[in-house]
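One structure coming up, written as structure tokens, with questions to follow.
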Amino acid sequence: MKARIEIVRRPEIADPEGVTVVRALHDLGFSEVTRARFDRVISLEVEGMSTEAVTARVEDMCRQLLANPVLEDFRVVIDP
Amino acid sequence: MIIEDEETAPVETSSVHHQLGLTDDEFDRIRAILGRDPRPAELAMYSVMWSEHCSYKSSRVHLKRFPTAAPWVVVGPGENAGVIDIGDGWYVALRIESHNHPSFVEPYQGAATGVGGIIRDIFTMGARPIALWDSIRFGPLGQARNRYLLKGVVAGIAGYGNAVGVPTVGGEIGFAEHYSNNPLVNVMCLGLMRREQLVLARSGPEGTRAILLGAGTGRDGIGGASILASTSFDAASSQKRPSVQVGDPFEEKKLIEACLELYERDLVIGVQDLGAAGLSCAASEPVAKSGMGIDLDLDLVHVRESGMNAVELLMSESQERMMAFVDPSRVEAVLAVAAKWEIDAAVVGTVRDHGNVLVNHGGETVAEVPAVSLVTGAPNYERPLGEPQWMEDLWSNTVKFVAQPAIATALLQMLDDPALASKAWAFEQYDHMLFLNTVIGPGHDASLLRVKGTDKGLALSVDGDGRLCYLDPRRGGARLVYEGALQVALAGARPLAVVDNLNFGNPEKPEVMWQLRETIEGISEACEALGMPVIGGNVSLYNETNGIDIYPTPVVGVLGLAAPLPSPPPRLDRALAGMELWLFGTEWAINLAGSSFELVTFAHIGGRPTAPDPTAGRAALQAGQMLAQEGVAPVLHDVSSGGLALAVAEVAIASGVGVTVRYSDWRHLFCEDPHRFIAAVSPDAAIRVAGLAAQASIPAAPIGEFGGNEIVFDRNGIRAALDLGVATSTWSQALSRRLV
Amino acid sequence: MTRVAVVVFPGTNCEHDTVHALRSLGADAELVWHRQDTLDGFDAVVLPGGFAHGDYLRTGAIARLAPVMGPVAGMARAGRPVLGICNGFQILCEAGLLPGALIANSGLAFLCRWVEVEVISDRSVLTSLARPGQVLKIPLNSYEGNYVDPSLSGRVVMRYVDTPNGSQGGAAAVTNLEGNVVGVMPHPERGSDEVLGSADGLILLEGFLASARVGAGV
Amino acid sequence: MKARIEIVRRPEIADPEGVTVVRALHDLGFSEVTRARFDRVISLEVEGMSTEAVTARVEDMCRQLLANPVLEDFRVVIDP
């Protein structure tokens, strides 16, 4: 199966990269941009039978390795 | 946390101050100072300024003990960093800081913001930060959590230090179960400046403008570092997570360049960095030190998030911010410099002679308190202290050796110990060459930096210890100072000054306070014996998790001046086949208490470590410095953790040549008693070397030769040998192989 | 005297080291702020190492849009010597002045160490005074040092003796067809003094200055 | 409006992150993972009237700054 993990930075956490990129876009004349946020998507190919089982395992991977619980929230989507 | 619209209403409920970490007595003290109940913003300011982290209320009475004076000291403890005069019109600034608890909560960002903070302390003084050292300690690498913390901390130091453009040229990594839930992350920073550029945290006279430079203020670390570093750790600490701060090395790099331009063009009267306690500290400290007050308008502070109230604005620990105090006629020029470097700046206040910190927000006065009361009004605790009842048992708990252990096996075991093995896995992640100053970088004893435009060099070492100090805090603390000074001398430098970082447990326990007092006593005695002042440092208390305190762990940085810079300087990797191996210092030392040998081979910690000997210590410094300066010893290396056996093995591995060591009592090989070092000497220099040793009146003798491809220990013909290739690969991979 | 522009972006940090090394070779090296939109009067330009714009978004991505990059491209077209060191290499790729791109090291860790590089060709402004086959000892210092070039159109002029970062074909330095635009990942300016461990980098910087004097590519 | 930009690494380009993470997941006992890919999502807040106009502008931003044609493809989704 394919698992798609969306990892988003918690809103209250500072995002220097976003700030810097907005500055750069304004320099380029794209003054209409008011905010930029950077998130990550991790696509996994996983062997497994039931969507439930795979979801549970992948959520485990996120907690243990893929996401940083202090700074990020994550969402797992499975397409069988 | 008090987040209410009625910001001007006094705080009725006294429970609020508990949430902020203030005791009832402290709350009453605040009431007495104000003659009324504090408003929320006022209580918030007192809570951060009076926190252990910012006020040193438990340690100040003991810190007084440190010797702090010497002719070359320009600025001692009390400012953001100590400053030393190295001649030729050059000053150096030095400081060490800890970021232990934040690094446990989020290792990468905790370590990164620790680096950012110590760098700000240096360029706040007017100096360009030119080098960093990291001293970090973790639990055993057998546990996944500890591997995660080590990887995260090293990546954080690299991620921030490399990008901000300050090389990390040395450091140390230690391990012990006690640090499993309480890693130690201490970082030392060195700065260099022309004499004229020195700046202090002063506010200047009535009418001076306060300009806030750098990152926008957000809700980062509300009740963070200062509170985090001032209370113990437990399960609940996970709730402190939302206060994690994120570092932005890019913003700090721009801030460094902007501030250095301000100093060069003499546009500021004083500056103060925003660290723990953020705006509360940066607004009050400089004015208090100048006997002034300030009108502060929070509506003018540039923010990252909207809708922040006064409490949040005053307590925010957003990184990469500086407060500059500027004469009104210079304000435009300062704002122009900020604009050039693409950093935000805002005039947020005006210095007043009313002596108060008067804070306005939304057109209302939210705080009006005497500046001095925030900075020096905190109580000074003479906390009860007492020698732990376990000391006697510890001292009598020694190993009785019935037979001689297998020496080669014991050495191989030590070479495979992550605490003793190569740290290349870590320091190759650090830029350690930027600025073209690094003559001797990581992987040797002291770091040696050249000072361009002079014939001088700066030698620095940083060493921490928990085990010896647990066995005897006074002797352990003193030996750290002697060890650091010796390493600096072996680079050809004269030790000039010390910074210290005191990582201890819960100060409300008499045993911990005793350890703290004894350590400070030991460090002070050694500094006095060697004529070195303490010019700055940091105290980190409450390093305790679930009631278990860490080992008492002081970290000592020693700064030395090499005039001239020895060329070529001694290095570990310059031994050649045919050279003699010399040992300097008392050869008959046999005390194994607290040694790596007893720990690694017997998992034993006990006995009483040998006390340092000032006379022997001074002799070792003199001899080492002369040998390095005359260039008669291509290799000089101190004997410390792992004893003579490991010291010799490190030289053989670094130089890629075998060695034979002659000994009489096997315990000489593993003893770690102080004031001893080894050298590689070419036979034709032997007479001169012996002469210098005699001149310094230090025992010295050849105890072996370099050559072959084995590390051999020889007792009247009975040989124990370890293949150099095996030793090298074991030592090189001991750390990295445990981290994959 | 040869006038060399050393460009400073916000976040650049090797500019002073680069100037120091070039001046030790008698060049007239000057810092030029990234917002400057002319390089008139300069014989050559260097984009030094560091973290322009914090390496945010992609390393070199924001820097390549700076006003100074117009004139840099102009010098490249005019056949004048253009050198990108480390972060400067990444900027030249982002700017399309060199083919390919630089991605994260295969070890996914920053790498700062002395490396040995073998000179493959002397037909570039950087290697003009070096012998093909010659091995030089210079410091590497990068996280994104892993060169990829699907077009295979970049000419490798220096190769790692033992590739530490996964770089395609072991590429340590790459040039355009004319040889006047060069990107190098290790830092020649850091290998500019025996006191620091090696002076091999000077062979490269001398070649660069020599090319600047004759005023053209190789 | 909100613009969502998916930056996708070209298949022919090496992916050190992906490779390393698969190894790390196996070490952690997640042996069922056979492949991992890392992509980025940039979320912009943009002032503008028509979806078409905004799409055009954002694609422009991608070409000029946000994506590197050598390494990446991009896809822009606007939700008004």
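Each chain carries a letter (A, B, C and D) given by its place in the written order, and its residues are counted from 1.
FYI, a contact is a pair of C-beta atoms (placed from the backbone, for glycine too) under 8 Å apart; a residue touches a chain by one contact, two chains touch by 3 or more.
In this text the structure is predicted, and so the values were computed from the model without any measurement.
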Pick the pair with more C-beta contacts: B-C or C-D? B-C
Using mean CA coordinates as chain centres, what's the chain A-chain C distance in Å? 34
Could you give the separation in Å between the centres of chain A and chain D, each centre being the mean of its C-alpha atoms? 10
Length of the line joining the C-alpha centres of chain C and chain D, rounded to whole Å: 29
Going through chain A residue by residue, note those that touch at least 2 other chains and give them in order. 16, 20-21, 24, 28
Flagged in chain B as touching 2+ other chains are 248, 250-251, 342
Can you list the chain C residues in contact with two or more other chains? 53-54, 56-57, 62, 65
Pairs of chains that touch, anyone? A-B, A-C, A-D, B-C, C-D
For chain D, which residues count as touching chain A in their complex? 6, 21, 24-25, 28, 30, 32-48, 57, 60-61, 64-66
Note which residues of chain B are touching chain A in the complex, please. 105-106, 109, 215, 218-220, 241-242, 244-246, 248, 250-251, 304-305, 318-319, 342
Of chain C, residues touching chain D in the complex: 57-58, 61-62, 65, 93-94, 99-101, 103-108, 146, 148, 150, 166
Once bound in the complex, which stretches of chain D touch chain C? 10, 12-14, 16-17, 19-20, 64-66, 68, 70-71
Residue set of chain B touching chain C in the complex reads 155, 158-159, 162-163, 165, 248-251, 253-254, 341-342, 427-436, 438-439, 450, 452, 567-568
